[in-house]
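Take a look at these structures.
Each of the next two complexes has chain A plus one more chain, namely chain B in the first and chain C in the second.
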Partner chain A sequence: MLFVAPSAIAIILMMVYPILQITGFSFSKITLPFFDMSFTGLDNFKNIFSKAEMGTIVKNTLIWTILSMVLRVVLGFAAAMVMESKFRGMKILRTCALIPWVIPSIVASNTWRWIYSADNGLLNTVLRMINPDLAANWLGSASTALTSVIIAYSWAGFPFIMLMLVAAMQGIPMDYKEAAKIDGANSLQVFRYITLPSLKQILTMLIVLEFINGINSFDMLYVMTGGGPGIASEVIGLTIYRYAFKNLDFATASTISFLIIIVMIIAFLFYVPASAKGRNKGDGAKRRGIRWKKN
Partner chain B sequence: MEKELKKKSSSGRRVKHLAIWLLAIFIVLFSVVPFLWAVSTSLKDEVSVYASQPTLLPHPVTFENYKAVFTDSNMMKSFGNTIKVSVLSTIVSTVVAVLGAYGFSRYKFPGSKTLLTSILFTRLLPRVTLLVPFYITISKLHLINTYSGLVLLYLVVGIPVSIWLMKGFIDALPYEVEEAAVVDGCNAFQVLIKIVVPMVAPAIATVAMFSFILSWNEFLFPLLMAKDSAIRPIAVSLAFYIDESGIKWGTLMAASVLMSVPAIIFFSIAQKYIVAGLSEGAVKG
Partner chain C sequence: MKRMKKIGALLLALVMVLSMAAGCGSKAAESAEQPKDAAGTKSEAADDTKSEAADNTASTGEKTKITAWMGSWWESEVPRLKAGFEEKYPEYELTIECLPINNYIEAAVTSILGGNAPDALALDGLMVATPVGQNLLQPMDDFMSRYGWEQDQFSPGAMKNGIMNDTVYAVPYRTAPNAMFYNKTLFDKAGLPYPTDNMPLDQFLETAEKLTNASEGVYGYGIAGSKNDPANVITSLGCFLWSKGGDFLTEDMTASAMDTAESVEGVKFWSELYTKYKVVPEGCINYAISADLIPMAQNGQLAMVPIDAVSASSMDEYAKKNGFEWDMCVAPGTEDRAAAWLWTIPTGAKNVDGAEKFIDYFLQPEVLADQDVVMPAVIEAQSIGVWTDPLYEAFWRADANAKKFPPLTPQWNEIQNIVITGLQNVLQGAATPEDACKSMSDEINGLLK
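Let's look at the complex of A and B:
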């Protein structure tokens, strides 16, 4: 019991209490500097839904989350398919491919900011060689800013998916594949009926994780575009930050947070029944990841 | 069996192998080229960094950017801050994770399952939504602009995964060894230190590595909580690295490469432990 105390305190202090606080703040007016609350009912919510910018922000967040999730999972899956081969030297190549994920997010952001740079950036230099008209101010114009950061963000995240899937693929017993081949299955069928079903569980987990990561994103957008130009590349995390720490409007920031938490809980309630089938095998995601190699 | 198959490999097989190789190299290039571009930029002199036709490789190679980083006292201070916070939070997180995982694994008490699930749930809760209460809690504890505040936040970020990872390993240990130790007169704490910890050393290394990289790379929390340049870590300094003449990309890339080195080295070393740890945990389980 005593062993658990430090982690329990940390969780209660930094998770349970904050959720209660967010809930309280969403229905209150906050007076600085001591964060005094006075109940105002649904005023904060009305206030948020009357803001015109919210449409853009929700749209950006959806584009960002879904597109980067798809890109990361597709890239990671494709990379895993190639890199799971047990050829000599593949291990070293695999380690090299992890670079984008291992380097700090701030380094990835600065690197891509430099690549996208309008004047001397690598991308524009290469494009100018092909056709001078192709060069653009990637991070500075509203039409390309969000997509450009999505590409950089997917680059930084796909190796993790690859790593998890390679481990999962190598955990599939060779007997299954061999048996299928003896029964006359071709490579495509082996993939469709052996590999894919065995990966279903971990894929679901990874998709959920990436979805949360997407909502959670802050670093790359903050450093590369700051949400700009205007709010053209602003996603919800940056909005919360802007309201709370730029405008010092903690009530609005909390209300947005509260709404996201509600959405996440609803999504989670849908996810739990969907994953319930696989759940009897292990207690939780991480545990499954480990047990999985054994099979 | 594998060898026999390889001997028999027909030309079609060889083409397939070649294709896999080429694809693999393509993926690796996609992964490393942006970073190598950063490395290349960091080794260029100022003229070639801003050349209208930049070369892929630095020519001439110069270390003046790295010299600029090492002589920049603010930058060095930031690196020092990052090292201090990372080491501190690695120690705290690992100790808390080992204790917590052992407690959850070996003792069932009322509410232990709920607590464990809620720890997992924190992983599913986007932390951007908790920025405001985190900030208020840390400021009420008077920990804004302190290392302790950052360590506490990193602990909360890392602990869910760390506990679940550790618990998986400890669950896999045979309980009989600990029972024998108890019979021989060890108390619970001695069992943990003398029996369990040595057996899960690779797992501890994995968790420690995880915590270290997490705090080394962390950006958002120090951005909020470390406003004072005296404790500002390098991640935040690099985000705001700009002076009157604009961004010095050469120097910025040099500092970025330097910041990546510990993360890369640490990961490469610990990667072995992760693999060893995972397969070992699997065999024992």
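Let's look at the complex of A and C:
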């Protein structure tokens, strides 16, 4: 306990101090350059909720977070299933599949910006060859900008999900699957009743992580659209950045951050019981597995 | 166990509340004792740092370190500047850090707020107003008088970029007017006469229409609407907005002028190049001049586009490769944006004296003209060395023509975002120019209240 104490204190301080500061800023007027605070009660919150843009930004953030989370998990799951198969050359394929994840996000963002470019972009060039009507202004139209970046963001992030799921899949004892097959289960049933339940815990964790990642994400949208056109692709991360570093309005930026922290805490409160439940059910599955083997 | 957890949680909450209250109290108390205006902060800080630096040098005999931040395009000039300055002032050790333009101002602000401000900081004219409003930059009137600089020694438009409320906060070293590039080969092909300085807007539109051949990916002109490069958007809109008699704010900067008939007319002209006449590339809404339009011009896809001196200096190479001839003239319309880069001294700079010496050295005509990176803002330097090259003739004419600039108000960054968001809404057809200008004005007026 004594050995762990210094690092535990350091970690707690690193976590608690910024939260305390954000909390303080949220209820204050900030004067730069010394960050002088004068208490203003709920004024910052009133100010934020009175901004017409906030409704669209919250909606965009929810669409961004949920869609990208679903897409990343689905893509990652599908890729993990492929990687788990025993084809030749799978090791090379697995390495290749990791490329999107290891490319620096600024490089990936610029590459996708070029792919989506309306005039000389790769996507439109290909689409024009098929049918000129298929070409579109992907990043310049409110109806496609956010979705286009979600696709790029999901491409960049799915290998992480894949990697975690492949590792988890390899941890499922072969006995379970063999026992189920002896019992007459087909591949789909093995997946439904053995693979999926065994991955429930890691999936819950990945979904929560992706939710947090989604809300915190910023770089790809910043580079590819800057939140535009209009505010069609502006998410909360971009708004915080805009207020803090462009307008130098740290009170508003902190207030939005404070609200995000509250949302995160609520999400986490859902996650903890869910993961605990998953653990308990996992134990149950193990017990059932052993019983199958005996049969 | 549950009881213990509850007690623990309550204690943690109590600690958080107490820390917050303590934080508010102590900061508020400190703030009451601190000077509120930038000038007050400067004089005290400057005196402190000067005496501190002098004491250190005297007592230890070591060189005093000074740091300057500039754009990454200055990288090749750093050894010359460092050697020249340290030769003139051997008591100093100069470090010039060249940073990329992406997030340049954000990095600078973070550094100033974190107590690691550079001693001298180069800023684009559009980056000056908001930090001044937040007391992050020191006034430089004293510097001007101490080193014998007069405002009329600088390009007038560039100089105005650094003056707020009759106080000089930034001293220009670079004037950055845009000329208008035109592709002579495309003009010849269309059988059109080459454009001339300050071409009337109606004639400009007619010419752009005749030059556009969208099916071949060739467009008459290029406008920038990207949120990632707001300066480019303001440059792109500026010449049309001001030429139509519009402006961003009223003259006294207390209210928006975006909903005046003239401003609406300017926004309408600019946006209709895209929405109605389709004489600009399809992706313009998300394009910047430097990152997207200039490469299209280099590729022979744009007949006319605003161009800066750096891009112009490499255009011959692309013209030869892609088989076209080109030239430049002053932008269409009667007005254009006076853009500049300027030296500033941040609040909290550790060595104000050294920073002033460095800025003065940098501005000396023979030092400033001895580079081919940016156009010098010091008038005397403009007739030295490469700056008399015929390539820059159109730019010097553009410099004389560029007299307008966005309002120097602390809220400029927010105003800029409101304007660009509104413009993008017009370009994507989500609002008419009239509605967008009204909406921009309402938001800007709310901000200025």
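Just so we're on the same page, the second predicted complex is superposed on the first by the 262 of 295 C-alpha atoms of A that agree within 3 Å, B and C clash if a C-alpha of one lies under 4 Å from a C-alpha of the other, contacts with A are read in each partner's own complex, and residues count from 1 in each chain.
Criterion: a contact is a pair of C-beta atoms (placed from the backbone, for glycine too) under 8 Å apart; a residue touches a chain by one contact, two chains touch by 3 or more.
Just so it is clear, the model here is predicted, and its values are computed rather than measured.
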item: Chain B versus chain C as contact partner of A:227, first or second or both or neither; value: second
item: Contacts of A:35 with chain B and chain C, given as first, second, both or neither; value: both
item: Chain B versus chain C as contact partner of A:21, first or second or both or neither; value: both
item: Chain B versus chain C as contact partner of A:246, first or second or both or neither; value: second
item: Chain C versus chain B, contacts on chain A by residue; value: B
item: Partner chain(s) touched by A:120 [first = chain B, second = chain C, both, neither]; value: both
item: Contacts of A:131 with chain B and chain C, given as first, second, both or neither; value: neither
item: Overlap of chain C and chain B interfaces on chain A (superposed complexes); value: 16, 19, 21, 35, 117, 119-120, 222-223, 245
item: Residue ranges of chain A touching chain B (in the complex, touch as defined); value: 1-4, 6-8, 10-11, 13-19, 21-22, 25, 35, 78-79, 82-83, 85, 87, 90, 93, 95-100, 102-112, 114-115, 117, 119-120, 122, 125, 155, 159, 167, 208, 212, 215-219, 222-223, 236-237, 240-241, 244-245, 250, 253-254, 256-258, 260-261, 264, 268, 284-287, 290-291, 293-294
item: Residues on chain C engaged by chain A in the complex (per definition of touch); value: 16, 19-20, 23-24, 27-28, 30-31, 34, 36, 41, 103, 105-106, 109-110, 112-113, 130-131, 133-136, 217, 225-228, 281-286, 292, 296, 299, 301, 347-348, 411, 413-414, 417, 420-421, 424-425, 427-428, 430
item: Touch list for chain B against partner chain A, complex; value: 17, 20-21, 23-25, 27-28, 30-32, 34-35, 37-38, 41, 49-54, 95-97, 99-100, 102-104, 107, 109, 112, 115, 118-137, 152-153, 155-156, 159, 161, 163-165, 167-169, 171, 188, 192, 213, 216-217, 219-220, 223-224, 235, 238-239, 249, 252-253, 256-257, 259-260, 263-264, 267-268, 271, 278-279, 281-283, 285
item: Residues on chain A engaged by chain C in the complex (per definition of touch); value: 16, 19-21, 23-24, 27-28, 31-39, 117-121, 137, 139-142, 222-223, 225-232, 242, 245-249
